[in-house]
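These notes open a run of structures that come right after.
Below are two complexes that have chain A in common, paired first with chain B and then with chain C.
Up next is the complex of A and B:
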C-alpha cells in the first residue's frame, strides 16, 4: 500500500486544507470526559481522545432520519446536504464497523448518499485492556490513514488530498499498515455457529439476561447496531413525514406484533438475539461478525454485561 | 437495486364488511404492482404508520385486495377511513408460495382464521390453471361460524365440485351445518385431519394461521406422510422494512420478510424458534 513519511505539523496542515471544502469532524474529549465526534480546528484537540461514545454510524445513519415527506398527493425525499464530511482520527475498529454497515446498507439510498460524501482519515489506536478486536485479513476502508509519522493512501480521493501537501512528504514506499490494525486481541471460536446452536438451553442466557434492564445503551453505542423503527409524524405545515429511528432489540416491543404475540418476550431471548446478530450475523451476512471489539457496550452497560465475556463463556470459559 | 421507501399512492376502492373486525379491503393503485400469493406489502396510512399484509387475491395488478384485522393502532386508523380515502402501498416483499411445486400434485390447504386470506390468493392462482393440479382440499378453522371469511365463494366452489371444503369452528351455539359439498365440525382444525381421505405421497400442503396452529398442524401433516419439503407455511412476524434491514422479523438468523415469509417444514425444522 502506498505510504509516505510526514513532518511534524503535517496533521494540522491537512486539517487546514480540508476546512474550506469539508465539514471536519473528529473525536474530541469534552470537559465532561465524554468523547464526541465534533468539529475540530487543530490536531491537538483530538489527542488523547479515544473512541467517540456515539460512533460514526450517526453520520451515515442518523438516529432520526426523514425517509420522505408527503404533501397532498406528492411524496418528496429530503434534499441531502451537499457538503462532504471528513471524519478525522478514526480508529481502525470504527473503520471496520463502517465497512460492516456498508454491507448492510449497500442498497439503501439514504445511507449511500451520505456515505459517498464521506471522507475517512483513520489513525492508529493503542488497544486498551477492554478491547477485543478480532484478527483481520484485510485492512479497513479509509482514504488516508495516519500512524506515528507515516501515512497510507487508501483511495484516489485520499491521494488527491495530498497533491497540495507533497512538499511535506518524504520516503514514499509500498509498506504494509502497522500490524496492530489487523492483529486483533481476541479470536472468535471457529465453531461459534455450533456452540451457539447448542447453547439454546444453557442457563447462561437467563442468568445474564436477567441482569439486563432493557435500557438499550449497548445498542445505541454499538458502531454496528442498526435496527430501526419507522414512524409517521404530522408536521405543523400539513405535511406528513415518515421517519426512520434507531431501534433496539433489547426493548420489549421489538418483536411484538399487533394482537399481542411477542416472538422474543424474555430478556434472555433478547440477549441471545443480540449476541447472535453481533457474532454470527443475519441473512446474507450470516458468518460475518458484526462485532468489532471496541468494548463500548460493556463500558455503557449499567449492569456490567460484557458481550466478550459471554463469548468466552460460550467457548468454555468462566461464567460472565 | 436501491430500496424504495416511498409507497405507491392508492385509494380504498371497496370495503366488504361481512365479517366484523376482518374486513376485506380493495385498493386501487396509481401504478400496477404484482404481488404473488404468499407475498406481502406494507400498507401505509399517511400520518399514522404502516403495517404488513398479505395479498388475498390473485392476480392483482391495478388493484390490491387484503383481509385486514382490526388489531393495532394503524389498522384501527384504517377502519376509520371510508371508500375513496388515500393510502400508500409499498412492495411486494418476500418469497411467496412456490407455485411450480404444486403442479401435477394434489393440494391440501389448511387455514386458521385470517390465515384464509393468503390461502385464498393461492387458491385463486391454482384455480387459474385448474388442470395443472389434482384434487384441492381446504380445511378451514374459524372461531365461530360468523367469522368464516369468503364463505359464499368457498361454498360456491365446493358446490360446483371444484374443491372440497371442510370447516371447523371453535364455538357454535347450534349444530354445525353439513351439505354434500362441505361439512363443518365444532373443534379445532386439526380434528379435520383425523379421518381425512387423501393421498399424502402426491400431496402438497400449504398452511396459514396463527402461530399456535403451526405448533401442531405442520408435524401432523408430516406424520400423515406428506414430504416436509412440500409442506409450506407462511410466518407472521413484525415485518417493517420488508427488505432485510430493520431486523424486527429475524428468526433464527433469517429475515422472515425477505427470505420468507413462506417456508417449507423442512426449512422451518432448521430454524429453531420459528414455529
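Up next is the complex of A and C:
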C-alpha cells in the first residue's frame, strides 16, 4: 500500500487545510472525562487513548432523525447539509464498524446521503484491557490513515487532499499498514455458531439476564447496533413529523408485534439474541461478525455484563 | 375535521400537570382550533355540560370516595382516558405520607378533617381502564402537545417506554451511577424527559415512574453497593412509584 513519511506538525496543517471545506470532528476528552466526537481545531486536542462514548454512527445515523415533515398538504424532506464532515483520528475498530453499517444501510437513502459526505481519516489506536477485536484479512475503509509519522492513502478523495501538502511528505514508499491494525487483540472461538445453538438451555443466559437492567446503554454505545423505531409526531397546529429513533433489542417493545405477541419476552432471551446477532449476524450477513471488539458495551454496562466474558464462558471458560 | 370534545380534570394533585399545558402559550390557539374544552379547572370556569367526551386527561391520584365516583363517571363519558403525571400513574408524591391518616389530615386541615373521608392515594389504573399513560412530575410540554395533536387525529402518541439511561447515553453524559458512584435511578425510570437531570449533573430521582419491567432487584443491589442503607434504597425507589410495586 502506498504510504508517505511526514514531518512534525503535518497533522495540524492537514486539519487546517480541511477546516475551510469540512466540518472537522474528532474524539476529544471533555473536562468530565467523557470522550466525544466533536469539532476540533488542533491535533493536540485529540484524545489518543479512548474511543468516543458514542461512535461515528451518530453522524451517519443520528439518534433522532426527522425523515420528513408535513404541514397541511405540504410534504418536506429536511434539506441535506452540503458541508462534508471529516472524521479525524478514528480508531481501526470504528472504521471496521462503519464498513458493517455500510452493508446494513446499503439501500438506505438517509444513511447514504450522509455517508457520501463523510471523509474518514483513521489513526492508530491504543488498545485497552477491554479491547478484543478479532484479526482481520482486509484493511478497514479510510481515505487517509495516520500512524506515528507515516500516512496511508485509501481513496482518490484522500489522495486529492494531499496535493496541497506534497512539500511535507517524503517520496512514496510501499509499506503495509501497521500490523496492529489487522492483527487484532483476540481470537474469536471458531465454532461460535454451534456454541450458541448448544447454549440455548444453559443457565448462563438466565443468570446474566437477571442482572441486566435493560438500560440500553450497551446498544446505544455499540458502533454496529443499528436498530431503529419509526414514529409519527403530530402537533395541534397541524404539523406532522416522521422520526426515526434508535431502538434497542433489550427493550421489551422491540420484539412486540400486533396482537401483543412478543418474540423475546424475557430479558435472558433478549440478551442471548443480542449476543448472537453481534457475533453471527443474520440474513445475508450471517457469518459476518458485527462485533468489532471495541469493548464499549462492557465499559458502559452498569452491572458489568461483558460480551467477551460471556463468549469465553460459552467456549468453556469461567462464569462471566 | 370535527372538534375534539375534551376535558382536563384533576383529583388529588398540585395542578402542575395542568399548568404545563397552559404554559404551551404558542400552541394554545391551535389547541382551541381543534378541541372544544368542556372542562379544565385551571383554564376556564365554564361549567361542565356533562355530555360525552372524546377524551379526558386526568391529573392526580384518587384519595376520596367522591373522587372515585367522579372518576368512574368520567370513564363512562369518555372514549379515551389518559392518565397524566406521576400522581395519576403511581400515586406520585402523595403516597409518601406515612402514619395515622386522621392525624396527618388534622395536621393540615385542622378539626374539620374528621368529617372528610379519605383513603391512601391510589393511581387511576386501580379503578378504571387507562388508555394511555403520560409520565412525569410534571410531564414535558412536548408530551402534552404530542398527546393533543394525536388525539385530534383520532390516535394516541407513541411515547417512550424505555429507561432514562438510553436518553442519557445518547446525550453522552458521564454516567453518574457507574462513573460518579451516585444513586441515579436512570436504569429503572421511564424516559421521555431527555435525561433532564443527569444532563445537568444531578441524579435521576425517578419522577417519571418505573419503566416497564424495571429491574428493581438489581437497581437495589447497585444502590446498596454505593453504601446506601436498605431504608434509603427503599425510600428512593418508592418516592415516585408508590410503595406497592412488586419485582417483575
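Simple rule for what comes next: the second predicted complex is superposed on the first by the 307 of 320 C-alpha atoms of A that agree within 3 Å, B and C clash if a C-alpha of one lies under 4 Å from a C-alpha of the other, contacts with A are read in each partner's own complex, and residues count from 1 in each chain.
Definition applied: a contact is a pair of C-beta atoms (placed from the backbone, for glycine too) under 8 Å apart; a residue touches a chain by one contact, two chains touch by 3 or more.
Quantities reported herein were computed from a predicted structural model and do not represent experimental measurements.
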- Message: Is A:251 touching anything from chain B or chain C once the two structures are fitted on A? First, second, both or neither.
- Response: second
- Task: Would you check which partner chain A:206 touches, where first means chain B only, second means chain C only, and both and neither mean what they say?
- Result: neither
- Query: Which holds for A:231: it touches chain B only (first), chain C only (second), both, or neither?
  - Reply: both
- Touch check for A:277: first (chain B), second (chain C), both, or neither? first
- Message: So in the superposed three-chain picture, is A:217 touching just chain B, just chain C, both, or none of them (first/second/both/neither)?
- Response: second
- Task: In the overlay, answer first, second, both or neither for which of chain B and chain C A:34 touches.
- Result: second
- Message: Just to be sure I read the superposition right, which of the two partners does A:105 touch: chain B = first, chain C = second, or both, or neither?
- Response: first
- Classify the contacts of A:13 with the two partner chains as first (chain B alone), second (chain C alone), both, or neither. neither
- Message: Which partner chains sit in contact with A:261 here, chain B, chain C, both or neither? Use first/second/both/neither.
- Response: first
- Task: Please identify the positions on chain A that touch both chain B and chain C, taking each partner from its own complex.
- Result: 231-234, 240
- Message: Which residues of chain A touch chain C once you look at their complex with the stated criterion?
- Response: 32-34, 36, 53-54, 63-64, 210-217, 220-221, 231-240, 246, 248, 251-253, 267, 300, 302-303
- Message: Using the touch definition from the top, list the residues of chain A that touch chain B in their complex.
- Response: 67-68, 70, 73, 75, 77, 104-105, 107-110, 112, 197, 200, 226-234, 240, 242, 247, 249, 254-259, 261, 263, 273, 276-277, 280-284, 286
- Taking the complex as given, what residues does chain B use to touch chain A? 1-3, 5-7, 9, 44-51, 69, 71-75, 86, 210-211, 236-238, 240-241, 243-251, 253-255, 258-259, 272-273
- Message: Per the contact definition, I'd like the list of chain C residues that touch chain A in the complex.
- Response: 27, 30-31, 33-35, 145-146, 148-150, 152-153, 155, 157-158, 161-163, 165-166, 169-170, 172-175, 177-179, 186-188, 211-213, 215, 217-219, 222
